[in-house]
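Read from first to last, the chains carry the letters A, B, C, D, E, F and G; within each, the first residue is number 1.
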Amino acid sequence: MVPYEYYVVLSGLLMVLGLVGVIVRKNIIAMLLSTELMLNAVNIAFVAFDMKLADVSGQVFVFFILTIAAAEAAVGLGLIMAIYRLRKDVDVNTLTELKL
Amino acid sequence: MTGYFALVLFFIAATIVGVALLVINRLLAPKIPDPMEGYTYECGVPLYDKTSHISLEQKYYLLGLLLVLFDLEAAFVLPWAAIFKAVAQISAGFIFFEMFIFLFILILGYVYAWKKGALQWQ
Amino acid sequence: MAIKHNSGIILTTVEEVLSWGRRNSLWPASIGLACCAIEMMHTAASRFDTDRLGIIFRGSPRQSDVLIVAGTVVNKVAPMLKLIYDQMPDPKWVISMGGCSSVGGPFPTYSTLQGVDRIIPVDVYVPGCPPTPQALLWGIMQLQKKIKEKKEGKVWDEIPVREVPTASQPLLEKSPFGF
Amino acid sequence: MELNNVAFWTFSSLAVLSAIGVVFFRNIIYAVLSLISTLIMVSGLFFNMGAELIGALQIIIYAVAIVVFYVLVISTVPEDKGQTVDVNYMLVSLPVGFLIFIELAYVALYGAWKSNTGMFTPEVVKEMGNVKAVASMLFTKYLFPFEVASVILLVAMIGAIIIGRKDHVLDEEA
Amino acid sequence: MVRVKYVERPDLTNTERIFFIDFIKGMKITIKNFFKKTITTAYPFEKLTPPKRFRGAHGHRVKNGKEPPSFKVLEKFMEINEGESRCVACYMCQQACPVPELFKIEAVQLPNGKKKVLRFDMNLMNCMYCGLCTEACPVDCIIHTDIYETATYHRAGGVAHLEDLSKRAEDFDRRRFNEPDRIWIDDEERSKLWGQIKWS
Amino acid sequence: MEILGTVIGITIKSLIFIVGMFLAAAYLTLVERKFAGHVQQRPGPLHVGYHGLLQPIADALKVLTKEDLVPDNADKFLFYLASLLAFVPSIMILAVVPFGEPFEIFGFTIYPYISDVNVGLLLALAFGSISLYGVIFAGWASNSKYPMIGGLRKAAVLIGYEVALGFAIAGPIMQAGTFSLKGIVEAQQGLWFIIPNILAFVVIIFAVLAETGRTPFDVQEAEAELVGGYVTEYSAMKFGLFPLAEWYIATFVLSAITVILFFGGWNPLPLLGWLPIPGMVWFFLKLFAVFMFFLWVHWTLPRYRVDQITELAWKVMLPLALANIFIVAIWIMIFG
Amino acid sequence: MQFSQENSLWINQEKISKIKEKYPSVSIEKYDNATFLHIDKSSLIDFLTFLKENLGFKMFIDFTCVDYPFHNPRFQGVYFLYSPEDRQRVGVKTWATDNTLPSITSLWKGAKWAEREAWDMFGVKFEGHENLVRMFLWESYPYHPLRKDFPLEGIQDTYLPSKNLRPEENPAHNYTPYHTYVPTLEDLEETQKARMPNKSSQIVLNWGPLHPGTHGTIWFLFDMEGEYVKECDIILGQLHRGVEKIAESRTYTQFIPYTDRMDYISALCSQVAYVNAVEKLLNVEPPEKAKWIRTMLCELQRINSHLLWLGTYALDLGALTIFLYCFREREKIMDIIEGISGIRLNSSYIRIGGVAKDLPEGALDVIKHFVKDFPKKLQEYETILTTNRVWLKRNINVGTISEEDVYQYGLTGVVARSAGVPYDIRMIQPTDAYDKVDFDVPLGKVGDCYDRYLLRVEEMKQSIKIVAQCAEKLEKMKEDKYIATENPYVLPTLDEVFNSIEAMVKDFNLRIYGEQAPEGEIYLSGENPRGELGFYIISKGEGHPYRLRIRSGAFYNLQIFPELIKGRTVADAVALLGSLDPVVGETDR
């Protein structure tokens, strides 16, 4: 068996990559893509802990994370479409009005 | 576990076969350049827009959104379906109404979407 | 395509098999221009059924092997036709169906292209206005014959020009592996 | 088992590579392609860990439904003309990311889990099947969150439809 | 009597809608046809014989004793031997043709004062097969034969010369001169498509 | 060493399956052409080989030796990748489909399937939907308008039927209590699942037609509208993989899944169990019947417009699938 | 209802006097089969408005120009209008001073293309036209080909030898390596940009010309938002062969084969329409038998044409098998036509004064067999299609045409009748034997694609009824004469030529000099499967027409397409185009 620590480290790596993505990308869609990476990292961690703890609650939580991811994608991309239709652009730097 | 291992092997084999076909094609095929051979086909006339990687507003992204949500519901329903028969022998009402409530709430959303016209191709 | 591209020396048997495959699976681009297109459709329809010979019409030139120029090519269409011909992958052939596309036919006018061979090289000319489905099928068979001859390394001049056709008799026997 | 190791290293390295692709591909379509690849690799990891149901659902929901939605939106929104990656942010993000990674690793390895082992030992799972194990857990112990999930979905649906419809109206006004 | 009438617009009933009756009916017809005999003429192995009136490639009837009376009149000015084309170089076919460029007719005056046709080329690729030339011919010379297999590899292959024309017509007359003027003669082949026809 | 043996064994078996599927798909083209021909009162391929038996080979040779064109504007990598993306997932479904029970021959136990996994049905669903990317990326990579529209249309169609399909397979799963396709067949020893699941069956028929792009739903390559749809720019073998994957392999394996879900897999026909026919033969007979049914539909019906297809999916098929779940739930509660 | 009086179709004296009252300057030009009003360019719009609003001439039939090189001003515009209530036609002529005319697109939208065509062919400019571009030729084409000083074969200035040409080969005897100017792709791009100068939506899709769904070579430009078409324009001319120009240098008989090649799907109908016009011009009365043969063949051809339409329409909407079933029935009709006339498609069988040959033996048997057999087959197609839910969904409420549209655009044929306008030339101006046969003219109520489908199917049923009546009638007149050779304008038959010197001389004269028609003008139309096919012939007493204008039904029917497709999807474009059923040979001529 692969030690669960490996999975946790992998999860951390993906998490950080996702985070970097959110920070550096300027296209909102790309930022959302990076968020998906972070959510996946969490999933891996959940399942890895499950494996260690001989439980399946973590897998149940993956379900809920999927729910959240779906809701996030739905609303997030809905917002992007709305922004795009209004402004014809999805670059974060030009969307400064949202900052007030 | 071997079952999944076999799947992976099958995947690799399928990919290799696919790639092999493409490679064989490239090796066997004649390569005779024609002046306009790479011009995008649009019924043989010059292109109005040189690229089609431009905003193409297909109006069903709302449907894509519903796909995400309903697929998730299906994801909840499927494990339920898998244990339904087993649990139904113990407490049929419980497991039935559990899902009934879940689906009911979502059918509310479905009806809402229908009423709002989100199910239509706008 | 006239026989100017002889794609090197490969083993003869391989070449023979490939040539067999090519001539028995000629997919024409379904590009109909005028009256001849109707007869072309009739050729593909149940009574004459090109599918018998492995011929199925494709919408896109990218997947077709033979361009059947069916109908009058007017000047305005000529560059489009040339483009479509270029877009077809090699090896490719052209059948000029009907008098109009062969030499301009009965329209020696300001707007008609006097022969599609001024734009693209033509392999087989099928006269007629429009040629009957049987005439077109005969033309297709001539093309198959030409592909076969080409496989044998013959240059264009050596491909025999047919005698003056007189009576048309049915072939008596079928070859089991196509013709 | 040796196979598990091989699978882990293959899947995880591919997952990380594709994740890097998601972050740094200039072309958004390639980023999405990398995301699909990451998701499938993660699903492979799930299978490797014995979480079959989650693995399959990961492909169906994540790799297909959600990403298709992304693709649809991307085909609507044109390609980004400006620079993809902000270099200044890049310089900031790398140390921050590194710090967070260290923290995560520390927390995960040395203390985040002190809970009790569950009842689903590999033998139990093997006997009743991963699917049934997860399902019975989901529909008994996590019944309430399950029903709440439906409410979340409902809210997301309504919200998204309102957003979608509203801008439609705005569009017409404009 | 001409009347005006409005068409009915049929609609699906609910029973049809629920039980897919409309699909089933359609599929019944396709499967019925599946078991019917094919109507195909396997072309190079079986051929439809064109009717006698078919306007295929042209031919020149030769002098063979079956000429119409008008030929007897015009023959006096011509040098035509038995078995040669009947053409009297009257240029009527070219006059009648909507595309006169397709003809190239040359005749010479022989020392004995008679005319001889040296060249009679028809570029059949320009031809509309409208039949006007055959209707114009006063000596029953130029005719349409039933030849349609004229595909060639050359542009020049579409040009029929005097000898070709005579050869075709000779062959055509040998086969089909005495045939009655029927709508078609290969009833067997056509019955594939038509079924049995009751001839009167 | 043991592992190496397994690897080699499985690889050889996989290759046999893949090559077999290829040949089968090639000859299914012939079957389709013959069927279509006879429906239209013509013989179909006739002269190439005995009654056209060599036609698929001629076509394959031809396609394999055509010039491999890539349009100038296209994204070259994606352009090649898309054809693989369409083909590989389609054939992957084959890996989870069992064709019969293990049987012994010359002392070897032959398993007529690649793997029987616990979540086989879910994986089949997943692979089926992944092949959608092949279409979408084909459209995008071609950078041409017809393929672009075709790809998006296909996406829209699949979006609708994905959901209905997901709910529709819940019925048989409820009755069998497992996702394993083998398990589902074994659960149908008595009554076939078509009985309470008739609504799900209708939904799945429509979904399979939609997923494989056959006529009421072949909007993505509607020749009259979009020339060739998403394959417009594809030539040679890259093109060949698409119809092979979509029309033949996918139709074949999805028919297999339909048979497994509703018609008892390799169980013999009711009342005909005494016949000495092995299970695999039964399976292939049923499979062929379902496949022919799809062809039959394809060659009869006109096609919907794409918005009508999605509307049908969301407004008719989804409620039907949901209703099916309730019907089956009640059925199980009553009959056990 | 019978309207067989010859001249009742043209404006009557009562209306003329009304016009005279209001516009005393109008001069009247009367012929047997045409009446023209001459009006000054300055009061043209005013006058046409008066005709449209006060006198009921609200349907636009045709507009064309005529070139008189030795007259000043050089070009004359001719408008044809129709009054649906009174069933009257009128022609309005006006001289184009300074080569310009006022555009009448504000009165009739249908004039848009006709004016473009006039600009293209004659170089007459139209003031107030929204986008006056070339109709058939491309933008950078320097000439206006229908002018009398432009040669038929064009100006051959480009060296364009055959690609197949080899030194040792002589391509053909009338070959020259020089050719008229062939456009480049840039020229076409310019044409394209001229049609749609600025795009308003997301992408501009070229649909056609070499596309399986466009029924020939029509080039559509769709400005699309997603799948929805926001703007549309049609570029014609991909089959412009200069038929009208050819007519000016061919004798009346020689032009008959060209009429086949215009609307190649309904060749016989076009021939009959043309020959009828010429016969009226020459004052030839064909024998009774010829009339019945013509009627019968016309109706067979109509079935043939509608079958092709049904097949391709079903193919466009995805029903692949119907296509082949329709072609199976078409093969039968082709067999009949081949047996009778000698050629399957472009039969050139009708002659001035009759038909080319008598019916062959067995023709009536075959036709009777067909008449008996065909309704069953038609029933099959109807079973598959008519109430199929997919078919209903694809057809109902797609492309709804109103009565007003019919008048505005000059729609004719099935397209007009689907909107409930009883405009059928067979009914309002029966030629041949149409006044003696019994049939219904089906009308639609809604005007959508489904109505047009039903109408065409119903028309096939009516046509088969007419064919049955004709076959019965022809059975009784086996021995009658099929061509009126006693008339001086009618070519003698071969038998007569062989046996009598007089006939030979007449033949020689007519072949060489053509039928020298008396000076005059005529506008006569026939009911083609695609709508009214009108021939406007100006004769100057020569053997060939001075100007022959072909009023093509499909040309005007197609014109409404951009209007109807706005806001609909590409999939609807297929259905709509199919139901309008244009044939490019006729629209482009």
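The rule is simple: a contact is a pair of C-beta atoms (placed from the backbone, for glycine too) under 8 Å apart; a residue touches a chain by one contact, two chains touch by 3 or more.
Here the structure is a predicted model, which means the values were calculated and not measured.
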Query raised in the report: Where the contacts of subunit B and subunit G overlap, which chains show up?
Result: C, F
Report task. Please find the path from subunit D to subunit G through touching chains that uses the fewest steps, and give that number. Result -> 2
Requested in this report: Check C-E against E-F and say which one is joined by more contacting C-beta pairs.
Outcome: C-E
Requested in this report: For subunit B and subunit E, let me know how many angstrom lie between their CA-based centres, rounded off.
Outcome: 57
Query raised in the report: subunit A to subunit G: how many Å between their CA centres?
Result: 64
Report summary line: Chain centres from averaged Cα atoms put subunit F and subunit G apart, in whole Å, by 49
Report task. Compute the distance, rounded to whole Å, between the mean C-alpha positions of subunit A and subunit D. Result -> 6
Report summary line: Contacts with two or more other chains occur in subunit E at residues 23, 26, 29-30, 33, 38-40, 42, 50, 98, 101, 123, 125-126, 128-129, 154-155, 158, 193
Query raised in the report: In subunit B, which residues are in touch with two or more of the other chains?
Result: 4-5, 28-32, 37, 39, 41-45, 49, 52-58, 60-61, 64-69, 71-76, 78, 80, 82-83, 86
Query raised in the report: Residue numbers in subunit G touching 2 or more other chains?
Result: 162, 164, 172, 175, 185, 188, 203, 205-206, 209-212, 227, 257-258, 260-261, 321, 324-325, 328, 331, 346, 384-385, 388
Query raised in the report: Of all possible chain pairs, which ones touch?
Result: A-B, A-D, B-C, B-D, B-F, B-G, C-E, C-F, C-G, D-F, E-F, E-G, F-G
**Report entry** In the complex with subunit E, residue positions of subunit C that touch it
**Finding:** 46-49, 52, 99, 102-106, 108, 115, 117, 122-129, 131-132, 134-135, 137-139, 141-142, 146, 156, 159, 161-162, 164-172, 174, 179
Requested in this report: Quick one: which bits of subunit B touch subunit G in the complex? Just the residue numbers, please.
Outcome: 42-49, 52, 54-59
Query raised in the report: What residues on subunit A touch subunit D, complex-wise?
Result: 1-2, 5-21, 23-27, 29-30, 32-34, 36-37, 40, 43-45, 47-57, 59-60, 62-64, 66-71, 73-75, 77-82, 84-86, 90-91, 93
**Report entry** Complex contacts: residues of subunit F adjacent to subunit C
**Finding:** 33, 37, 40-50, 52, 54-55, 57-63, 65-69, 223, 227-228, 231-236, 239
Query raised in the report: Where on subunit F does subunit G make contact in their complex?
Result: 36, 39-42, 145-146, 149, 153, 215-216, 218-219, 222-227, 298-308
